[in-house]
Amino acid sequence: MGNIINIKNINVSYGKNHVLKDVNIDIKEKDFFTFLGPSGCGKTTLLRLIAGFEQSQSGELIIDGKEVSKLNPWERDVGLVFQNYALWPHMTVAKNISFGLEEKKVPKNEIDQRVDEVLELVGMQDLKQRYPFQLSGGQQQRVALARTIVVRPKVLLLDEPLSNLDAKLRNQMRIELLELHNKLQITTIFVTHDQEEANSISDNIAIFNEGVIQQVGAPIDLYNHPKNLFVANFLGTINVIKGKISNGTFSDGNDFKLEKLKADNSDNCSLLVRPQNIYFEKKNDSDQNFKGKIQSKEFLGNIIRYQVLISGQVMTIDSMHEGKEKIYSKNEDVDVFVNPETSQVI
Amino acid sequence: MFKNLFLNSTSLIIGVFLLLFLVIPIAQVFYVSFLDVNGSFTLVNFSDFFKNQLFIESFYNSFYVAAMSVVLASVFALPLAYFTSRFNFKGSVIIQSLGFIPLIMPPFVGAVAMKLFFGTNGSVNLLLDQYFGFKIPFMEGLNGVIFVESVHYFPFILINLITSLNNIDRSMEESAQSLGSKGFGLFKRIVLPLSMPGYIAGASLVFLKVFDDLGTPLLLDINNMLAPQAYLRISSIGINDPMGYVIAVILVVTSILAVWVAKMALGGKDYSMLQKGGGGMIKRDMKTRQKITAYSVVGLILFLVLSPHIALTLLSFGTIWSFSVVPDAYTIDHYKNIIFENSIFIKNTMLYCTLAAFIDIVLAFFISYIVLRTKVKGRQLLDYIAMSALAIPGLVLGIGYLRTFYSFNNPLDGKPLASWWFMIVLILAVRRLPYALRAANAALMQISKFLEESAESLGARKTTIFRKILVPLMTGGLLAGFITSFSTATVELSATIMLVSTEVDAPLAYGIYSYMQTAAGRGPGAALGMIGVLIVAVGTYFSQTIIDKKYKKTGEVNNG
Amino acid sequence: MKKILSFIVAFLFATSAFANTVTIVTSFPKDLSGKFKAAFEKKYPNIKVEIVGKKTTAGIKYIQETKSNNTTDLFWASAPDAFEVLKGDGLLQKYTSKAKGIPSKVGSYPVNDPDGFYTGFAAAGYGIMWNTRYLKANKLPAPQQWSDLTNPVYFGHVGMSAPSRSGTTHLTVETWLQGVGFDKGWALSKEMAANFKTVTARSFGVPDGVNSGDFGVGIVIDFFGLSSIGSGFPVDFVYPKVSTLVPANIGIINNAPNKKNAQLFIDFLLSTKGQETLLDPKIRRLPVNPNTYSKAPKDFPNPFKDKSIGAAVKFDVDLSKSRYNLINSMFDVMITYRLDELRDAMSAIYKAEAALKKKSNSKASALIKEARALIAKNPISEAKANDAEFNKIFKKKRKKAKDIEKYAGTRQAEVEAGWDKAVVANYSAAKKKAEQALKLL
């Protein structure tokens, strides 16, 4: 499978405000690709740039082998689904959906057939003649999707499509989106600020911060091997210990020394350990032991989250709650174990 | 206890006011139209109306003129609204401010001025005839009325259209573009339908206004329309001729029907509520050729809609303007004449319109409070009645006032109440109440109810809440209502022409009208018109800046 | 707030603050009344003139309805028949001014009411005004007589106001009817009307149209023409032969509160200063004192010297009064509201006549004659028009409001609808005949 989108050295600025800086991304065909980042990071701008609603000052945008930077939105063959769905209130569901086909001068009978197909696909057959204001949020979302996919765009662009839904509906829609993608095999770009959403749905993710791409990769790779602190922090809770490393041994300058790390020498680096990778009992031979003191605990259901003082620094430790494990209380002295293989130095 | 007493008595007072000065006069008109020679109920007057060819023709003409004025006004308003909301267009500010100026000049004054420009032997036709050997009958017969009215009233469509275009969420348009739609197709299928509610609101207002306008056809010597027929019947045959009342009833019924049809056409679809973002349409830069087209279209339209002002300026400074492209020579004597000898019209107008607008905002404040915030019985009715003044032709209200108040004498001077100058203030107040009410409603809706409730829980009484919380917060909205009422009242003629009994009591519009009835009066009349336009324009400008400042201030508070 | 209130209070009482006043109800425009008010107040600084401007008909009604608590001193207007109405109702009181040098007649009309209830102070006649630039541009001759206006060259160039709209125009029409006879007068009216561009609703619409060049020729009362000339417009004015000079009048109301001042005002109107004020370029009415004309500009018409002005018709004011509304109604039905049909029919006749000039055809000639007869045909005869009972339908009731509702309106509307039908039928038949004639030629 080749790349369907190549974004090369894209720069966008509004006056002095540099919104996108030298952005380079390649997106594979049929990929479910996510732009992830906090609000104002430039992810939506890039999506709109692909759709043709923003202009870049420099760089190239290639869709399916064609440079499209100078093309109008209606010439690009990409479908954008808006955050607020942007359903036209003066048209019925059916009319909303058939709009794009009519614009493409598709024959009438084919339009009817394709509209019915897509309505069935999103499970909205019965609501064909309704007006948007007669629909619930989730139904509006489905119509917005249907309206876009019915024209079979080369790329489907989704701008925070789930953000206007409540939590339960959001999970359900997420699954439906994924099923839809599997069925249709359309390259999809998804914009969100929710890392859990991104992880659960994407083949690949690009993480944005302040207009710069931080890292691109599959969710698990990004989670396990963040290239920088921003990515590390953004993809979930992580313990960061500042210090130096020499000959595979990390030291925070106090009591904390972790050996047998695979990393180059550095005088200024950070050790990253996810809370679930610190244990209260030894699990592997290569685990190394440290002394700690419980500061507080938090019951989260499937896990218990402790704040533990280790070598003068508070670290977060997640312990699976299985029902039989030992529960520690405040000020209790504990042994903790860290494995160099599940730790990372950057 | 006090609270309810206060609110109930206020509602009662407002109710009585509306009953006396709106409902009863109109009811009088309806009542008389159904009376036969013996004073008992009959439909024969209406059958006379429909048997009389002239009345049928007048009805048809009024309808035709109103409808065509809507069409022509749309032709003026659509490109202006389109360019301003669609492109990064330098002319936008000019359009938006100049586009409103026609409203602050009485349409019949525009008629006089436009006759000089576009008449059979007006400037334009003289030039056309000289260079091309043909003339265009801009002002012949009904054409003239349509032309003058649409130039005067097109801002109603423009304002509403621009507002509704700006309310369209830009994603509405982008999603269509993303699906392959572009250009005019996009405009036709998405933008136009979405701006329809605003357009229809504006268009129906234009229809109503044109349908009941009296001054313009009168000055253009068009008799066979309904409003002039009613006026002519009553002023020549007498206040007791039933046909005048029958025509008045037909005017009211048609107006209400027009409002109803407009409402039906919308089918209760107010899209603005359903869209979340707003932010207006995508604005694009224009290519050079587009720019040239846009500027020439806008230039032509602006020339057309400002032609009354241009011609009026020339007339007010001109000595003799007869069968020539421009006046023979120029002078400032007309202004001297007005300012030194006849400033009474200006004083009267300032007094009447200030009082009327003041009455309006006081009434509007209490009505909107009662309707939106209380559970006083019949509050909705209060609102309906107050708003219904919009659909009542000024002429009909004027006739109703004459009928109702002529037989009562004013205790101050023993003359009929109908000829007391304060009745002019009242009729102006009633006529313009809907504008003020709309502004007050909008202002009150923006204020959170909690602000009042928190004051109440701290022990404040209703009057204190009004004075210390609501009035300060609503100042901007109330001031906007004041200006709209004031500036539109200054140009009113239909209602006041029936009530003005002496020249000393006459307002500006009437003064101009009577000036225009003497050979030497055209210049001074025009000068008077110009001064009126200037006063309203300056007043509006200053109030607008006050509103802007106020809005910024409260805006900060609300956001912070 | 307080300022506004005090302003209102001041305003309310301002008008009643002057005890020594004279209140005048008048139909005259401000240009005229204002000048006299200023001149009078200059001469009598302690007397304040209060002008109440009303159309003539409204003024009559106003005085009738306020008679129980009368505040008006003088009624000041053009039309003598308005004064006849007030006199008939006993609302005027006698006064004979001591002013010297006023002759008993102007033209063939007595200056003052023979019974002494009202006094003439200026004369007015009816004539034709035209825009010289307009006539030159359209290569039209200046008309001199009413019959000139029936010439097809003036087609679409003439304007007149409806007699129902203005008392002065009514007198013009009545002058035609009395001057050449009822049927001939209507025929003349309609033949002139065929050349009308418009029938204005306001009497001033006519001079306004001529002044601005909207149309070239207007049928107007003299002071409109003269004051337009006085204001500098490129217009001219002439009195045709069939014309009446009628005095404009002033009379003291029966129980006038300021009788003395009222008398002073009448004396002032007739004084040398008052009469000269009439010559003001914005007023330009014919003074009733022959000596005043020595101060008049060149070419100012002088009826006391030029005996052709207004002498040809002996105007019967009683006849005019008895059928006032009926004549107005006939004019409106036949001309004002059916101008398009009339013009259509007449232009067809013009065409046929032009063709007839080149080629003679007795049948066509007869058809054209019939067509003209159809145009001239009136819906009622002179006898019926003068019938007092029939005229009652058209009477404006000037009594109490309750009496009015009983008779007014409905029947008049019925009669008018019948006339309208007949008139439209005649016009369209005339048009058909003219077209038939044209086909024969």
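Chains here go by letter, A, B and C, matching the order in which they are written, and residues are numbered from 1 within each.
Keep in mind that, in the parts below, a contact is a pair of C-beta atoms (placed from the backbone, for glycine too) under 8 Å apart; a residue touches a chain by one contact, two chains touch by 3 or more.
Note that this is a predicted model, so its numbers are computed, not measured.
> With subunit B gone and nothing shifted, sort the other chains into their touching clusters.
Subunit B out, touching clusters read A | C.
> By CA centroid distance, what chain is farthest from subunit C?
Relative to subunit C, the chain with the farthest C-alpha centre is A.
> If you average the Cα atoms of subunit B and of subunit C to get two centres, how far apart are those centres in Å?
Centres of subunit B and subunit C (C-alpha means) sit 35 Å apart.
> Distance from the CA centroid of subunit A to that of subunit C, rounded to the nearest Å?
Centre-to-centre distance between subunit A and subunit C: 90 Å.
> Between subunit A and subunit B, what distance separates the C-alpha centroids? Give it in angstrom.
Whole-Å distance between the two chain centres: 56.
> Please set out, as single numbers or ranges, the residues of subunit C touching at least two other chains.
Where subunit C is concerned, no single residue meets two or more other chains.
> What part of subunit B is in contact with subunit C in the complex they form?
Against subunit C, the touching part of subunit B is residues 32, 35-39, 44-45, 48, 51-54, 115-116, 119-121, 218-219, 221, 223-224, 228, 232, 235-243, 319-324, 341-342, 351, 354-355, 358, 406-407, 409, 412-416, 501-504, 514-522.
> In the complex of these two chains, what residues of subunit C are touching subunit B?
Within the complex, subunit C touches subunit B at residues 4, 7-8, 11-12, 15-16, 29-31, 34, 50-55, 57-58, 61-62, 65-66, 69, 71, 131, 133-134, 137, 162, 164-165, 197-202, 204-205, 207-209, 211-215, 224, 227-228, 230-235, 281-282, 325, 328, 336-337, 396-397, 401, 404-414, 416-417, 420-421, 424.
> Okay, in this complex, where on subunit B does subunit A touch?
169, 171-172, 174-182, 185, 189-190, 193-194, 196, 269, 271, 274-277, 282
> Please give the residue numbers of subunit A that touch subunit B in the complex, ascending.
51-53, 72-74, 78-80, 82-84, 86, 88-90, 99-100, 103-104, 132-133, 144, 147-148, 151
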